[in-house]
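Shared between the two complexes below is chain A, which pairs with chain B and chain C, respectively.
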Partner chain A sequence: MTSQHTIRRRMAATTPVVLALLLLVFVLAALALGDRAIARMAAETLIRVTMVVGFWIFVGNSGVVSFGHAAFGCIGAYVSAWLTLKPEMKATLLPGLPEMIAAADWHVLPAAVAGGAVAALVALVTGAAILRLSGIAASIATFAFLAMVNTIWANWTSVTGGTSSVVGLDRYVNPWVALGWAVAAILVATLHAAAASGLALRATREDEVAAAASGIDRFRHRLLAYTLSAFFCGAGGALIGHFIGVINPDGFYLSLTFLMLAMLVIGGVGSLSGAVVGVLALSIAVEALVRMEKGVSIGAATFALPPGSQEIILAVAMILILIFRPSGLMAGREVMLPARWVAGRASTET
Partner chain B sequence: MSLQLLFDAMALGGIYAVAALGIALIFGVMRLVNFAHGQFIACAVFALIVPSADALAVMGLGALPAPVLIPLILLIGAGLAVAAEALVFRPMRNASPVALMVSSFALGVALQNLLLVLYGGRPKAVSLWAELGHPVRIAGASVPLLQLIVVAAVVVVLAGLALMLRKTRLGLEMRAAAEDFTMARMLGVRSNRVISAAFALSGGLAAVVALVLVAQTGVADVRMGGQIMLVAFIATVVGGMGSLSGAVAAGLGIGAASALLQAGLPAEARPFRDAFLYGGVILVLLFRPQGLFAPVGAKPRV
Partner chain C sequence: MPKLGVYDLAVRYGKLTAISDLSFAVAEGERVFISGPNGAGKSSLLSAIAGAVRAAHGRIEMDGEILSGLGPESIARRGLSMVPEGRRIFSGLTVLENLSVGTGMRNDRSAVAEDLEIAYTAFPILRERAKSPAGNLSGGQQQMLAIARALMTNPKVMLVDEPSLGLAPKVVDEVYDRLCQLQALRALTLVIVEQSSARAARVGGRMLLMRGGRIVADGDAASFAARDLLTEAYFGDAA
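Right after this comes the complex of A and B.
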């Protein structure tokens, strides 16, 4: 006899598997179409899944909106660039790097992990200050953090190259590499959400006062989630760098913040599946809009949206979702296998 | 020299204070952190010029004489804010503050890209009241006439607003709504009227900031609202969310700190001025997380 509770637990455990399969199908479908542009779009989408799932670890569980996670992407991308670029290139491009980093010539995987780790470390230190604030004030402080990172990166020319881009990153990221990171992010997010700390954090999201009265240390759980989420945003930033091959501080500023936030809100902040579905839905929509901006020929007439309309349409869609379906496409539900598939034979008799 | 620094600090602080007040007013009545405020400022700036993608701006409304131009731009700012409230925020009246904040962020992105589509992405040179740039000598320091006017205008705006909030019925209703919105409504304050009025005032304040910015910098840039909005946010947080006088005081303080840092930092550290400023703000919040002048009502009640 399988109890109701066990069935629920088993169903919850299928969520990451279902999501990973969904992404696998997405990659296979994109590759089957055989179009290079579509394969690139698939890789980009999966990088965004990594970042937005990382973003969700904090925002979804704590209920505090962060505007600073694009900055972690910036840090991750530059750390990975510092570690993987050829030493002779760094000597000319970035003369201000310390000796040890200037001589480094790492493999790409440890460099991406290091990118995430440095972002997580920065999150641990800044989060210790920012997360003492209450919800909305904390959100604004994360915005200040984003602006601070952008100011430093745009002006510290000898180390970051300033506003001129850092070029020549090894473009190793294909859909499979991105899929690996996205699945890792989904697994970690599931484990964190199911662990005691994730549960405690969601309790503070639902009712801060009651959670505090039950002995939950809001600050500690928020800080843990913030650090963890910064790791995947940093790693995702490193992937972006090695996907495009060129990085620039403004590539990790307001438009990336907006895109990540839009994906999370449209998919639904309340669940991990919402984060993943939001990325998939918006990436496909953005791809379609970008193609329409380039111009679509219908018969003899070429029809093109003016440049910039993509973001307007996304913003309007986001506002409409917030007005008419505030909990997003997934409305806080997770995708999971149906109960009778996981219940085992005994429970079918009841 | 030091008198000049004082005027720099006062002019910059004044602009920040007016911008912060625009954000604090709306936060006070409906707990909305308005991320579109910077774009209200940018829209008011671009209302001055004829839509085109050229680098040199052709003045449209901006060619009008000042006594007509100033009220007109204030009205445009107020109208835009009221329209935004009616279209975006009114349908979300019962949404959580977080949802409101995210939708205002989306509204800001939409407005910014609308400006990009209409005007192109390059900054434009705009000469509005160029004759005000002449320096005037006061007690041995040479201060641009414009700076004196800015300081005077800020004082007039702040005093006018303070009088309005203290002496008129609308001001009383606004303060009551900021204190406890539900209670105020039960006592006969009409919520739509108060909220629309707060948005109109906030939009008008955004237009004041826009005029001052254009006259000072001579540039119209789609991104110009963002930086000042960020400082204004920080001022509202440091001042204590929802406290109007706190926002003004913190805005003045941040402007002064910014002018002092600009003058006092060694030349190679100057590009990082803003990073020092934001870092300092985070430090202040470490010691007073609720802000310097937190209103009593800001604490969550059980």
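Right after this comes the complex of A and C.
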């Protein structure tokens, strides 16, 4: 019996490895196709994996739906822009920045980490108020937070550039950089879920009363997950900025919120693998539909979907999944290596 | 000093009074049944002691330390653990995860392993099903898991709310057998809500009879069942 448990434990430990390999294969396949548009799609997908895995750390374990995580992406993106743009550019574009930031000329990697860290700090402070609320009230408060961040960013023109875009970000993000961040997010999510705090948070998700009776301080575990989660959404936001080169507060508002939620719902909020698979499935589907909208040549004829059909098809797909597979593509399961692959050493031990 | 003391307790839900002017004390190692008709305030009493419901008035003490006003998680950390009504296991988590949840606050790793062994010995089915989702267990097994989970927080006092609810009489026998074994083994102080005074008499211990938010009788459970047939008839007997 012990050996069976050992095998199960080993299988569970393979999940992050399998997910990382899956993403690696995805990048290699995208690059092998030699199409620049596909390589860009791969990088964008992996940035989303970073953000959605971050998102999952909180939503998946706590069971509280957050509408506010796109705002952490916004914060991360602007922090990285503030720290990496050339000082002379900032003097004209963003005259209101404090001197220390205006003079900063950071390397891109520490700037992305700083983007995540500032987002995490904001999560720690705002979460201290929001996460004391229960269930639906907490979700609505996160939505209010999203709206607040968007309004501040759209109107504090001297610091954020307002609704006009901030341009000129160093476009260093390629599929490999994004892969590195995605794998880091997967590792942290795995460690958190396996730690006592992750388990305690899932217990509060299952039954608040019983969790409290087991000595669990729901607020503390929620706040930790919220902060960790904001870090990866913030870092992901910084990556988006340095992938496109241009940022705008509305790029981190409702459509991003909807996209992140849709990816989590389609993959299945019940497991980390669900988060990753949801991003891959949706990103590939979007890419395919966009191409079909542009037109596909078969022989002499060209077929094209009418513009806008991409959004409609995706919305229909999401509704169908909610009806026929409400717990998502992965239905709460994790991908892992089969038992016989990991059984070898385990069985000799017992 | 009593192990657990409740003094002038009142619990209200809005304008509705569930408990008023209620006092009693429980000695260390004692087994106390709380019985009475529906709506007598039995579950409210347990919830108030565990901190899940805030008392409107009164004082609750364990070993002389005041518990009233603390949150349920702080009370659990001080060694008072509740097995809630309807079991409320974490059905999406595995059996082992259910048992591990209560140990998150403990630093005594080797004692945790010992307690897990005690729980597994008392309820062998839990060892067998350790890796399966707790939601797949039968009602009786879920009740055993809820008790084992409470035990994993290393309690001195354990409150059990209607362990017999919805279980076949034979399963109820088993649950009580194990509960009494664990009490002896861990020197637990037990407070159990039990509808059936006949059941309480069979298991043995002290019984508090509640009605309308007050304690109306306090004595040996066996004497209740023999003496007060009228009460028995009035309150009904589920077992």
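Basically, the second predicted complex is superposed on the first by the 331 of 350 C-alpha atoms of A that agree within 3 Å, B and C clash if a C-alpha of one lies under 4 Å from a C-alpha of the other, contacts with A are read in each partner's own complex, and residues count from 1 in each chain.
Here is the rule we go by: contacts are C-beta pairs under 8 Å (C-beta built on N, C-alpha and C of every residue); 3 or more make two chains touch, one makes a residue touch a chain.
These numbers were taken from a predicted model, which means no experiment stands behind them.
A.B. asks: Check whether chain B or chain C contacts more residues of chain A in the superposed model.
C.D. replies: Higher number of touched chain A residues: B.
A.B. asks: Kindly classify A:Arg202 by the partners it touches after superposition: chain B alone (first), chain C alone (second), both, or neither?
C.D. replies: second
A.B. asks: Tell me which partner A:Arg8 touches in the superposition: chain B (first), chain C (second), both or neither.
C.D. replies: The answer is second: A:Arg8 touches chain C but not chain B.
A.B. asks: May I ask you to decide whether A:Ala304 touches chain B, chain C, both, or neither, giving the answer as first, second, both or neither?
C.D. replies: neither
A.B. asks: For A:Ile216 in the superposed arrangement: first (chain B), second (chain C), both or neither?
C.D. replies: A:Ile216 sits against chain C, while chain B stays out of touch.
A.B. asks: Check chain A for residues that touch chain B in one structure and chain C in the other, and list them.
C.D. replies: Residues common to the chain A contacts of chain C and of chain B are 209, listed in rising order.
A.B. asks: Within their complex, state which residues of chain C touch chain A.
C.D. replies: The contact residues of chain C facing chain A are 50-52, 71-73, 76-77, 81-84, 88-93, 97-98, 100-102, 104-105, 127-128, 130-131, 146, 149-150, 152-153.
A.B. asks: In their complex, what parts of chain A are in touch with chain C?
C.D. replies: Interface residues on chain A, with respect to chain C: 1, 4-5, 8, 196-197, 199-200, 202-203, 205-207, 209-218, 270, 332.
A.B. asks: Name, in rising order, each residue of chain A that touches chain B in their complex.
C.D. replies: Residue positions touching the partner: 63-65, 67, 126, 129-130, 132-137, 139-141, 143-145, 147-148, 151-152, 155-156, 208-209, 254, 258, 261-262, 265, 306-309, 311-312, 314-316, 318-319, 322-323, 326.
A.B. asks: What does chain B use to touch chain A in their complex?
C.D. replies: It is residues 33, 88, 91-92, 95, 97-99, 101-103, 105-107, 109-110, 113-114, 116-117, 226-227, 230, 233-234, 236-237, 241, 271-272, 274-275, 278-279, 281-283, 285-286, 289-291, 300, 302 of chain B that touch chain A.
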